[in-house]
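As written, the chains take the letters A, B, C, D, E and F, and residue 1 is the first residue of each chain.
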Amino acid sequence: MTLIKQLQAQDEFMGFYLLKELEVKQTNSTPAKDYFDIVLCDASGQLSAKFWDVSPTDKETFFPMGLVKVQGLVQTYREKLQVKINRIRKVTPEDGVAVKDFIRSAPLSPDNLIQTIHRVMDSITNDTIKRLVAFCVEKVEEKLQHYPAAKTHHHAYFAGLAYHIVRMLEIGEFICKQRPFLNEDLIKAGIILHDIAKPEEMIAQLGIVSDYSVQGKLLGHISMAANWITEAAIHHGIELQSDLVLGLQHIILSHHNLPEWGSPVLPQIPEAVALHYIDSMDAKLQMVEDALELTPETEPWTPMIRGLENKAIYRLNL
Amino acid sequence: MTLIKQLQAQDEFMGFYLLKELEVKQTNSTPAKDYFDIVLCDASGQLSAKFWDVSPTDKETFFPMGLVKVQGLVQTYREKLQVKINRIRKVTPEDGVAVKDFIRSAPLSPDNLIQTIHRVMDSITNDTIKRLVAFCVEKVEEKLQHYPAAKTHHHAYFAGLAYHIVRMLEIGEFICKQRPFLNEDLIKAGIILHDIAKPEEMIAQLGIVSDYSVQGKLLGHISMAANWITEAAIHHGIELQSDLVLGLQHIILSHHNLPEWGSPVLPQIPEAVALHYIDSMDAKLQMVEDALELTPETEPWTPMIRGLENKAIYRLNL
Amino acid sequence: MTLIKQLQAQDEFMGFYLLKELEVKQTNSTPAKDYFDIVLCDASGQLSAKFWDVSPTDKETFFPMGLVKVQGLVQTYREKLQVKINRIRKVTPEDGVAVKDFIRSAPLSPDNLIQTIHRVMDSITNDTIKRLVAFCVEKVEEKLQHYPAAKTHHHAYFAGLAYHIVRMLEIGEFICKQRPFLNEDLIKAGIILHDIAKPEEMIAQLGIVSDYSVQGKLLGHISMAANWITEAAIHHGIELQSDLVLGLQHIILSHHNLPEWGSPVLPQIPEAVALHYIDSMDAKLQMVEDALELTPETEPWTPMIRGLENKAIYRLNL
Amino acid sequence: MTLIKQLQAQDEFMGFYLLKELEVKQTNSTPAKDYFDIVLCDASGQLSAKFWDVSPTDKETFFPMGLVKVQGLVQTYREKLQVKINRIRKVTPEDGVAVKDFIRSAPLSPDNLIQTIHRVMDSITNDTIKRLVAFCVEKVEEKLQHYPAAKTHHHAYFAGLAYHIVRMLEIGEFICKQRPFLNEDLIKAGIILHDIAKPEEMIAQLGIVSDYSVQGKLLGHISMAANWITEAAIHHGIELQSDLVLGLQHIILSHHNLPEWGSPVLPQIPEAVALHYIDSMDAKLQMVEDALELTPETEPWTPMIRGLENKAIYRLNL
Amino acid sequence: MTLIKQLQAQDEFMGFYLLKELEVKQTNSTPAKDYFDIVLCDASGQLSAKFWDVSPTDKETFFPMGLVKVQGLVQTYREKLQVKINRIRKVTPEDGVAVKDFIRSAPLSPDNLIQTIHRVMDSITNDTIKRLVAFCVEKVEEKLQHYPAAKTHHHAYFAGLAYHIVRMLEIGEFICKQRPFLNEDLIKAGIILHDIAKPEEMIAQLGIVSDYSVQGKLLGHISMAANWITEAAIHHGIELQSDLVLGLQHIILSHHNLPEWGSPVLPQIPEAVALHYIDSMDAKLQMVEDALELTPETEPWTPMIRGLENKAIYRLNL
Amino acid sequence: MTLIKQLQAQDEFMGFYLLKELEVKQTNSTPAKDYFDIVLCDASGQLSAKFWDVSPTDKETFFPMGLVKVQGLVQTYREKLQVKINRIRKVTPEDGVAVKDFIRSAPLSPDNLIQTIHRVMDSITNDTIKRLVAFCVEKVEEKLQHYPAAKTHHHAYFAGLAYHIVRMLEIGEFICKQRPFLNEDLIKAGIILHDIAKPEEMIAQLGIVSDYSVQGKLLGHISMAANWITEAAIHHGIELQSDLVLGLQHIILSHHNLPEWGSPVLPQIPEAVALHYIDSMDAKLQMVEDALELTPETEPWTPMIRGLENKAIYRLNL
């Protein structure tokens, strides 16, 4: 079976793919005929495809996010590859394929990631901090298993958010060793909590964000997470105006650093400054790493990366 | 007794004033001598003053925010008026003067303002909204009697915040009549709540802000008020994710309109759009009105007003 | 007859509509065939449509801004509704329909609006101001009956400009009562004059702006209106450098507030500050109200609104 | 007699100077004594000075912009030179000195400059343009003899505005030869008119701006000049909406190029684009030339120049 | 033979053109058919064209940048002209046409331009400067014959860069005469060197830039040229830290003036200030001149010009 | 002996200090008397001081950067501490104190830091990179022993630059382990070279920058370092256009990330992206750490930190 990343112009191929998007359109011939405008994907990438001569049954058979077996031909359209589908059918249990094999995922398993997050949470020495963190994590425990960290910006894949957290925890552990004046409990808590409301801010399935929730649009994940701390503190009977509660809320509120990047306050405690740079470093380097991975090795330049000021990344020949 | 606004160069005068600021300084003569660098004020304005030849007793007698009787001479220094104090003593009960007569205040009495706010609160038809608003107002009930609305920007005087709210309520009432598609309950609630956390964000006495609180710096009044809604909803058992709670939090979070003005989200419900413009209109016009009032009528231009892009206001001769 | 706003996918329908846009295009079949790419509208909204198999006669029969009777089918194209026209013919006098019934209009009649504007003009107590205002209004008297206030931004419909003025006059009346230090004559004059040159800045028909005039591009409506004041003052023999003339010109020049929004000077008299906020409040709230009205009530979100920083407006469920 | 530019620390000197600024201040000794805080200047530069022990007669004798004979000593204060005045008296007719010899002036005489401007005006071939230009020039004919081009930015000296115009005319003549598609009449007119309202925007004496006029603040010289064109056209019976009138107004309105630099419209005719760059080039290079001239040749760096983004200019050693 | 600029809707025509762009596309009929999506150009302009029914031989015959003879029909598509090609063949030697006649070129011949540049180089009096300039020019001597000055911004045609340099040298000569304090050698050198690395920054053929080089993207032409000066100085044994080397590097580095326009340092010597304005004036006026030339004289407005803040240029009717 | 950080109002004290700044000023008494306006410092901080009644001998005895023994009294002036010096004398050899004990220094010894840098340089596996790095380091080998990393921004103390490099190398080592796709040689080289030209950009003594060099102002350390790579490559006969040379120059040029922060190009290779964030993280956290260290532990807030958007840092009470 051919991976999408390997398909080239003029290839005839057959294989299993995920119908990531499917739209029924009409040709402008008279009478107009229906066709499918499709995006096929697997874990290696995605490709647009057309299926002409759609029957009424087809329209009731194929839907987005379903697995299909496709036999097709790779053509070129507007300098891009595009598949002309000759035959297509739904996957049956006998095919023995699973949706999760066809989507991009974090390099580590969700279980592994969640375990790491819990291990770090358990290592927080201040009990009050630990309980506040636990309360918030519990709210999204299930979604943390599969949510991406963003719609397109970075870590936009299955379990991307948990992966982002785990990688940041690694940086956090290092930086606390390098600069012992930082409070390690706050760094750990800040990393786990900074994007904790994202699973409620965005609506995602299989690591793909389709939209923002009403709450996400009206409040934003930063204010949502600050609210959760309030909720957690009330739940556990912790003084709302204690420096500890203020500190955690401050770290969350300020982690985008500048107002124009979405933070209502600038970082004003050491751990908030640290968190912002740990977050940036991990997000930006992941964008670079992912872009390189999705670009065929024969290409010297990746596509432009929006999160890097629309610059492409170059592979040096050393 | 002469009002500060009326004093002119070369005037000899005597009267009661408030010691708004007092600093002990040393002359650079040898040996250095102590003197007081003072700001005297009454409700009509303020003036800097010097009291040379300070005795050790004086240093233990006079402090900022105390009332004094002063006999002095008005001089000119760097093109500004300045008082040379000849005699100064503390006010005694027999003098029959009260601090509140010497500070700038809202044109309406605190009681009157608070009553109006309560009356409007009572007129909110949606009970849940009413209870959420009441919970937040109760938190600052006492401070609302005297807090200013800002450090220097606008309504920076005794009961300035309550006055700002009451005037906005008048605009709100008008605009709801003009545009019935607006939800009047939300407009009322938004106006009362939008700056409700300011008394906890700032540290003020007699209508004068001396600093921001730790909480004010780390969270800001916008996020603080959003938290209070969470607290209020939990207290009253209201669903945290109901549109009503989200809506109120959204109105508060978005009322500065743009991120660079401090709002983490832009207005996305009609009442949030309305609130931003009601707030701006009242704040800006009050700045203009106050600047004109504090400027002698013989001056065609007020001083520059920071909140109006550092422009001065001109009195047209029509 | 079905309103455009009510049409749904798969509907077959017949009715009268306005051909808001019409372009002859060619299919890419060989030989290429002509078809019409059309925008149909009525007062409730607009919809794109295709008419395939266009005959040479058709091309000489149908033109933009003509009324037609259409029989068609609603299809879906790229997730949007689109009409496939089966039959189309021009309207005849017998059909008894008029263009004005098919376009969006201010909720009040032009006559009503113009009368209100004249009534307010007459109420200006300062005769010089009254004459200056009258001179400028007279220049665009006829166009004020139907011009929109902007190309797309706000009040972009038949008599939108007059409606914007009238609603601002209501706010102006309120604010002058609330803050008597404002000069009511200047507020009235400023409101009537601030956009008075727009009918010469833009080229519009039936409330729809097709382009800006040469004068509009080279000078802009703000400088044009300032020029008109000069003209009016010369006409009436009023001193060009009187505070009254300067004041009116200043209000006009500064009403966009910031240079980057098009004002060469910042507001520096109280009425100029007031006018800017009266204008903003009315324009922004009208954008919100119009967007909600054009959005089917089943949709919780309006489309994005350019004048509100590209945000959509949400209907809360209270 | 020693030029101010030549004075050095510890010099004792005597000479005639202009009292550019004079303020009566009080020492903080008790009793306080009056002294003069003075700025002395001549055409080579300026220096601050103190005159201690001022008598009541002195206060009625010395005023800003008067000529004086001074005997003094050069001291250092805060790393800057400062004169301690030992003796000072007013100039008498017998001294045979004139104010104009003590101020900075354009390198060419006002007569010479005005003649050039008139000669160029006469060379305009289009009679209508010529008459419009003449009308505006006539308004400020007298002030053009001595007004500076700006408060501090550039050409801030006696006849600086006329000098700026004349030098721009030289560039204009060159550029019209180099690029014959430019309309030379418009270039000439644009150069003469672009800052023509500055003498009414600013209040100046002897080439020194003390303030902006009310008109200057409320309208700005750009809109004022646009108004003058309207006035001129009405005066000469020229069609206000002719391309010629629009074109001239457009050139004036757009010559600051960007809104944030004060232009309500961007350049949209070739001559407007040209004018902006002719103006910038002359202003910026004059700032550089003047800064170098006022800096002692032994100094490698000039002071920072506000109009050049606060950069200093370096003298290369080639 | 008809020039492209002269073609009008419905014209049938035959002539020689350059295939500026050619892409093979497929129709969405079933089975899909190949067609050519083409851009035809000659020196007067360019036009898109379609050639339906492409044969396999055609696909091996026609390539971008080849000359062809075309017989076709001018149609309208989306309000723009578009050619329907009926017959097309490659040019043969017998046709006697050359590619260079079909592309836009500077108005002066490359030889002429290069000679002027060399003549000015020879006139540099400081030998060290002359040698540094010569070293850099030699690097791109050949490419200077035909490279454009930019991808689309300005002087985007055959020998556009050399033409830009020559025209700037004319301005430079004038300004040095007008302001003798400028060092003419530095002005000449700065003009010749400021964009000297552009031929290595961009990849161009026949005056058309297809992409930026790796070096161009990673360093940019400004830093590249600064490096070349280092190289030249080492080559000629000139002290790298001499003011002369620093000065030349500074002029190059600062010639975009502001950091956001690409200059790492602001101009800090007189010649660097001058160079920036000489460069801007020439580039902007050339944009205007070229836009007018490419716009049919019947059109009052040119298309929008990106380098002029997206404004169009208007032809006044004087 | 009392550390400056420990001095409090009213303290009488005696001790050794460094005269960091000294200016001779005059009182405004008549006759004016000289006094010293002084900044005293030791490694714990600095304090301003006055020495009245300066004798002519004193003026020839005391100079900035000299060590002195002082007996004085701590007073309060404008809410800040200030020393009144009663007696002062120069340090003699017998006092046994050394300048270096009185200045702020990196926490590690210069030798230690330089050794680490050399060790990492030696560990670079690519010989060409190693030789390019060595060439540049050699240029500033001596100054690297003591130069600060900036004038005031961060690491502004003795050996601050070397310390910054060493700490970044620690982060670099970690991040290369965490993300093996990064080229460790480039990361090491980039860290060592990114600020390598700072010792030639700034003029510093004892870790205190007094000014920028001419070269520093005209080129900036970023372009200077890029030039050094060119020089190094020529010296070692390495191809100037090899990806390796381009890559190193690119990392240096882009390390400030955005043009407005001084980088002419944006990061476009993975190591350039990484370097920017390693640099930011180290600089910002050091600012925080230093500010906390210089602030008495009793103070909850540090002074405002310019490099952190003028925010102060708060010590949470957990």
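Assume a contact is a pair of C-beta atoms (placed from the backbone, for glycine too) under 8 Å apart; a residue touches a chain by one contact, two chains touch by 3 or more.
These figures come from a predicted structure and were not determined experimentally.
Between the contact lists of chain B and chain D, the overlap consists of C, F.
Using the mean of the Cα atoms as each chain's centre, the chain most removed from chain D is A.
Over half of the residue-numbered contact pairs of B-D are shared by just one pair in E-F, A-B or B-F, which is B-F.
Centre to centre, using the average C-alpha position, chain A and chain F are separated by 41 Å.
Centre-to-centre separation between chain A and chain C, using Cα means, comes to 43 Å. Centroids of chain C and chain D (each the mean of its C-alpha atoms) stand 46 Å apart. Residues of chain E in contact with at least two other chains: 29, 214, 217-218, 243, 246-247, 268-269, 314.
Here, these are the chain pairs in contact: A-B, A-C, A-E, A-F, B-C, B-D, B-F, C-D, C-E, D-E, D-F, E-F.
Within the complex, the chain E residues that touch chain C are 27, 29, 35, 50, 52-53, 75-79, 84, 300, 314. Across the interface of their complex, chain E is touched by residues 23-26, 28-30, 32, 214, 217-218 of chain C. On the chain C side of its complex with chain D, the touching residues are 214-215, 217-220, 222-223, 226-227, 230-231, 234, 240-241, 243, 246-247, 249-250, 253, 259-265, 268-269.
Residue ranges on chain C touching chain B, taken from their complex, read 126, 167, 170-171, 174-175, 178-179, 181-183, 185-186, 243-244, 246-247, 258, 266-270, 273-274, 277-278, 280-281, 284-285, 288-289, 292, 308-309, 311-318.
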